[in-house]
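In what follows, chain A forms one complex with chain B and a second complex with chain C.
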Partner chain A sequence: MRDKKHWPLACVFGTIALCLPLAGADAAGIDSQNFGQVERGHYLTVVGDCAACHTLPGSGHAFAGGRPIETPFGTLFAPNITPDPTTGIGAWTDDEFVNALTKGTGRNGTRLYPAMPYTYYTRLTRDDALAIRSYLNSIPAVDNPVQVDQLPFPFSMRWTLAVWDQLFFTPGTFHPDPNKSAEWNRGAYLAEGPGHCGMCHTPKNFLGADETSQKLQGYALQGWFAPNITDDARRGLGGWSVDDIVAYLKTGHNKTSAATGLMSETLNLSTSKMSDEDLKAIAVYLKDQSAGGNANKTASADPPDQAVMKAGAQIYADECAGCHAADGKGEARLFPSLNGSPVVQQTDPTTILHVVLRGALSVATKPAPTAPAMPQFAWILNDDEVAAVVTYIRNSWGNSAPPVTASQVEKTRQMLLERSD
Partner chain B sequence: MALKLPHKDVVIIGLGWTGSILANELTDAGLDVIAIERGPWRDTATDFLISYVQDELRYRIQHELFLRPSQISVTFRNNGNQTALPVRSWGAFMLGNGAGGAGVHWNAETWRFLPTDFTLKSHLTQRYGAGFLPQDMTIQDWGITYDQLEPHYDAFEYLCGTSGQAGNLKGAIQTGGNPFEGVRSRPYPTPPMKQGYGHTLFAQAAQELGYKPFPQPSGNLSQSYTNPLGVTLGQCTYCGFCEWFGCANYSKATPQTTVLPVLLRKSNFEARTECEVMRINLDSTGKRATGVTFVDSSGTEFEQPADLVLLCAFQLFNVQLLLMSGIGKLYDPNTGQGQIGRNFSHQTVSGGLGFFDKDKYNFNPFVSAGAIGMCIDEFNGDNFDHGPLGFVGGGYIGQVQTNGRPIETTAVPPDTPAWGPKWKQALRDNYLSTINCGAACHASMYSYRDVYLDLDPTYKDRFGRPLLRMTIDFHDNELKMSAYLTDKYAEILQKMGAKQVVKQPRRGPYDVTAYQTSHLCGGAIMGTNPDNSALNIYLQSWDVPNLFVQGATAFPQNAGYNPTGTVGALAFWSAHAIRTQYLKNPGPLVHA
Partner chain C sequence: MLLINRRQLLGSSAIALLLSLQSARAAIIKGGLPWIPGAADPPTRVTPDGWQFFNAQEAAAVEAFVDRLIPADELSPGGKDCGCAVFIDRQLAGPYGRFAGYYMSGPFQEGTKQQGPQSPITPAQHYRKALAALDAACRDKFGGKVFADLNDAQKDEAIGGLEHGTFKLGGTDSQEFFKLILKDTQNGFLADPIYGGNRDLAAWKMIGFPGTHYDYRAWIDRHNQRVTLPAIGIADHPNWSL
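Let's turn to the complex of A and B:
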């Protein structure tokens, strides 16, 4: 099911909201004839990937809402943000809009679910927020009422969100780091603000809030593991150059890797349409993110069983080497390299198991239209065989990651059977 | 009553090589294009899975990828005195089915025809005199020259990433290439494939005999390659499962690995699979196509109106659809009048077996590929003096063994029992040390007055339409030529050191049950005027100018090469004419 959008976040119980949004007069700053502002706003909606939630794929109505958003707490439906005065946000004041975007407060004091990444958008400058508003004012109004709240009790109680915000939300615009370059700061602004990379790539606590101490170190969601994108040499982007990251975000492919899964949509709607300068800034920022305590670990504490490795090697030769080659290096633009691959070596093997069991279609972009696909092996390899070949791949050619057990495979297989997407 | 669909600029019948190329070119030109394909959608990861694609029983023996004769078949006879019977299991040729067409299951031998192949009749007449040609031979010039087609050969090779060694680069003969080839404007996009031991040994022996061996131009790529559309192909793994099979690792040039990924991204392209075109519809004048009528898999009939109709099905079905749509005049072999069905031809392949000392030779025949091989071109086309030989035509000769597959690649010496322990022992003794190449001589089949296609009077398909009837036999000219080439091949096998050589020249009559090649040609040929052809030189129908008929259907006769390179070149040539001439001024591009 490709028309369903998923988010990891949501939140629970708490106390009554204390603050109310200000319903003041429009602040100066939007000029419908300022086409530079409209265009900047358009670009920011691309960076912010607004369409991922607010446009129902195939509906033909940009930003008219209605897309189901999967969260661990239930399904939400993204609202209509076209300028329609009754079903969209046409009647909202600019301040109401800016507050929603950056403070998580809706009209009339309701609070937004943090599936809306206001925890990131809060870093937007007011100028940029108004530019987005200016762009949204310029698109066709669509009459499309959306019933957003469809979460079960107790998550249906929006007032609990105020507590969540109290606990986990730090409002405030981005403050540049004077010790870093302008490029780094631009990258930080984009990645931590509108780009909201951490929404998927930062681990979450049990209430769905970011574990800020493990920023960008990877998170399992919706059948995948959004990998570590710190500069970690083994599990992060340490082995990638700035150019490798830019190529990946621009085209979905670089000399060793290919985007698939949830990142395909992000690529199509967002990063492939961003400027090279901004992608480079993001890459420079990510390359400067420390991997923390997990940095540069070389060997797994738990070396794999040699009999399992031998079986895995045999399966690899039969089923995998035709494309990924005996040395695991694959082929640039076509077959991802497994040799040194961060995705392969994530501590959490969800993604590699997902790809082996169900197969995967890499993203097609204009500069890289091939979209090579990984076939599925769930039907031909049993749990022990998948465990063996994945353990082999995770621990060959210098790779090192915890062995995968048959029960992990079984669990992933079950999870995939239950997922329709 | 057919359901009428919204109008399109272009409707394409068949999404194989030519349909894909034309669709891409015309969507680039801004047109709204729909392709209607009889078979299913096919893509690499779903349909050509590495876990099972190397399955000779499923794909070769049981014809998994091919059209089922129960869907549609043809009837066959050797001559007009016989009653044709329907083909109930494919034999002499294979008919692709589904997206990619025959481009999915081909071996990917990607040749250019010789310059003299395009001016065949005038060239041979000039060199040997008109009386040298058999009375009933109906060969003719194509109406275009090699030089006109060269940029389009180039376009097809660069689309495919063809691996080869240039032999004639801008007029300069290149060492290691085919010195007989026409002038090419640039080298092949990728270097030639690596060759197996048997192929290498053949080249050595050929060289010692004074020939100039060169690697076969191959669409199984020697290295990965990104084509001008941005689509990437992988490096061949030499698994030896090409012909009859889909390629599991993106290394065989097919519509799937070269064009379709780009086409699918276009909003002005649409494909309907498992939809069979019944006929091309004409307006009341009969001179203008209004679109096509097709039936989907539920049996529902649709009408697809369009301004331009491109007939891109396999050769046989192009001819059949023309006949069923009442376009052009049916060929009459008695009078020679009529163009539809005329100058039908196939290919004259032959080969042989070379048994070598098993203690000295190990060819590892399973390490192979569809278009691997070392060839010589000394006996192709008119590269040699036919005067003393009493025949015309020829072909390339090569060690082009494509596989060592377990069911069919099981040659044993002729005195071996056909089954039992002695057969098994002989197979064990010979499997690794035999050169087994049934298509080592890949030669021309010229056209004749009594070789043609028409509609069968008796047998009908599942829709009640008459089946196409093939009337075809080998003529003495081809059989003589085949014997001559097979002798030459046997000499090389001998020179390689074979202890026993078994010659397998082509013998008549034409046998529809055993595989030859799938290179059926002609039936609606191109030419200079409506009296000698069904199509003008741009593949435009003389009778219905908003209809273009693509593919080997247009070949006036077949040359001594695999046809796909020329089919691809003609598709680009025709697309260029449509884009640069027809769209500006729709109407006949050549005035009769």
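Let's turn to the complex of A and C:
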């Protein structure tokens, strides 16, 4: 708490500042006494979910870095972004900060790894970037050196990132679409900028860059499948109203669904703390995202094997129907509906297999603190049985998704055994 | 005047300290309910190989005994084929065998019937003693044959004698032993097959109990109708096979 000894002084200045007429937001720079700017910056760090990577859970040191970030190429460690001048970013100029955030350039011209979502933050206005800076200036400095680069060769060679940026990075602030409403544009700015939804929900190519042609159509990461969040009626948000999306982002629950896995953390740290207006704007924007040519397609021409479906139906009746009900509709706000569920019908079955094999805890938020959980079924269902019941769930009550094979179950089981989280 | 010597005082203080240290420490739960991914505490499935408590002679006697208590007929296979002896063996080898759930430190006094078992003898000790006594008593009465080697009529005679207290077991209350093995056999016959008895769900099929289906809500209002669901157990699901 290096700031503590300056408290009396700060109080004096604070009082003086309150007595002065408000200078108004200075778009050109940062004024540590501009509390509106600091507060807006705070809100933007929430929208940007900076804490998800830059705060090590349980450390008690906000934004002091050190959290391991799992990528397909190895593990990175998020840097310290507190104002500590040696181990944090206290010595950085505002321009250096804005460049890091929006251009992916570190100090001294090094490139940041795109695990830092500068590919999204580039859409931030300079004003908003400076607001974030002013908030980060206001938090306690923590002395915590972090060794960020711990990737294996060849990803350890940072100069290659310049090539990556050439190929996949389009810098530039957000341009509103004049043909859309102000609300839509606000949603687009939040989702495509600070909110960086696509970081998890957009498929990636072999170098980890967004497949922009399949924007928001779902991506497998860290043992889960971040589902399609386009307006696709079967696999996306097509069946959800704007209010359903807002309720989900605000509370983690709506009448058919409950958040779990990686989204739990995003909910806790970010979306549950966002304003209702902003959540609605995001919902309006997402509802306008076309699913492209794959929209609402049934899974395959071949219906699933009837013997598998019959065994799956028996297993479902014996093990699942107690909570999720015979018609798959569950109980509103308690047990998620599988009937029509987009998560269940993702082409990639990672999430449904994860939940069946390991169980799941839904997120607890202030408005919805119960957090119903599901037990695991790995102890009682073998690979064939999991494949049968999951195939049944994915192809009943009007659902349609590719059948799941026992070898897919076996692979997921193995993957989960190797994951400690 | 109370006289407490130094040793008593120290001793009682130590006990008081121990009790206060062991007093419940409630966990503080914040945010959401605690939950661990992948956690499960499933029962271990009993496999019918070998004996864990009985020796070969005891096992033969118990198998013969349960097969007369539940003889094979058109309703169900016999107690032996249903695994009742295996069930009893595993129970006696486990916590039930040593009355782990009971206060067993005495003093032991004869209680009223309502006060439940008051004996220092555990079920495991009870079986060990009574089975030896049973074979000895059978040898005396049936020309040197142990219980397992008797014919069905002789077995029934011996069992009937135990039930009515007319066939004495040296050192053990024959009626008490009859009650014990009858109850344990019934438990084995009707318990979930995961515990070794009720093999192939034979008992549940016999009485029309469909078993451990999770959800019976669809049947709640269907009074006086036979439930047509197939019988299943915790780990026995003939209906799941492809």
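Assume the second predicted complex is superposed on the first by the 391 of 421 C-alpha atoms of A that agree within 3 Å, B and C clash if a C-alpha of one lies under 4 Å from a C-alpha of the other, contacts with A are read in each partner's own complex, and residues count from 1 in each chain.
Just so it is clear, a residue touches a chain if its C-beta (ideal position, glycine included) is under 8 Å from a C-beta of that chain, and two chains touch if they have at least 3 such contacts.
The structure displayed is predicted, hence computed values, not measured ones.
Within the superposed three-chain model, A:335 lies in touch with chain B and out of touch with chain C [touch as defined at top]. In the superposed pair of complexes, A:129 makes contact with neither chain B nor chain C. Shared-chain residue A:364: touches chain B and chain C both.
A simple residue count on chain A separates chain B from chain C, and the partner touching more is C. Of the two partner chains, chain C is the only one touched by A:315; chain B is not. Of the two partner chains placed by the overlay, neither chain B nor chain C lies in contact with A:246. Chain A residues in contact with chain B (one complex) as well as with chain C (other complex) are 319, 322, 359, 361, 364, 369, 371, 373, 375, 380.
Residues 319, 322-323, 331-335, 359, 361, 364, 366-375, 377, 380 of chain A are the ones touching chain B in the complex.
Against chain A, the residues of chain B that register as touching in their complex are 43-46, 49-52, 224, 226, 229-235, 237, 239, 248-250, 257, 261-262, 264-265. Those residues of chain A whose C-beta lies close enough to touch chain C in the complex are 307-308, 311, 314-315, 317-322, 325-326, 357-361, 363-364, 369, 371, 373, 375-376, 378-380, 384-385, 388, 416, 421.
Taken in their complex, chain C has these residues touching chain A: 31-33, 35, 37-40, 42, 212-215, 218, 232, 234-235, 237, 239-242.
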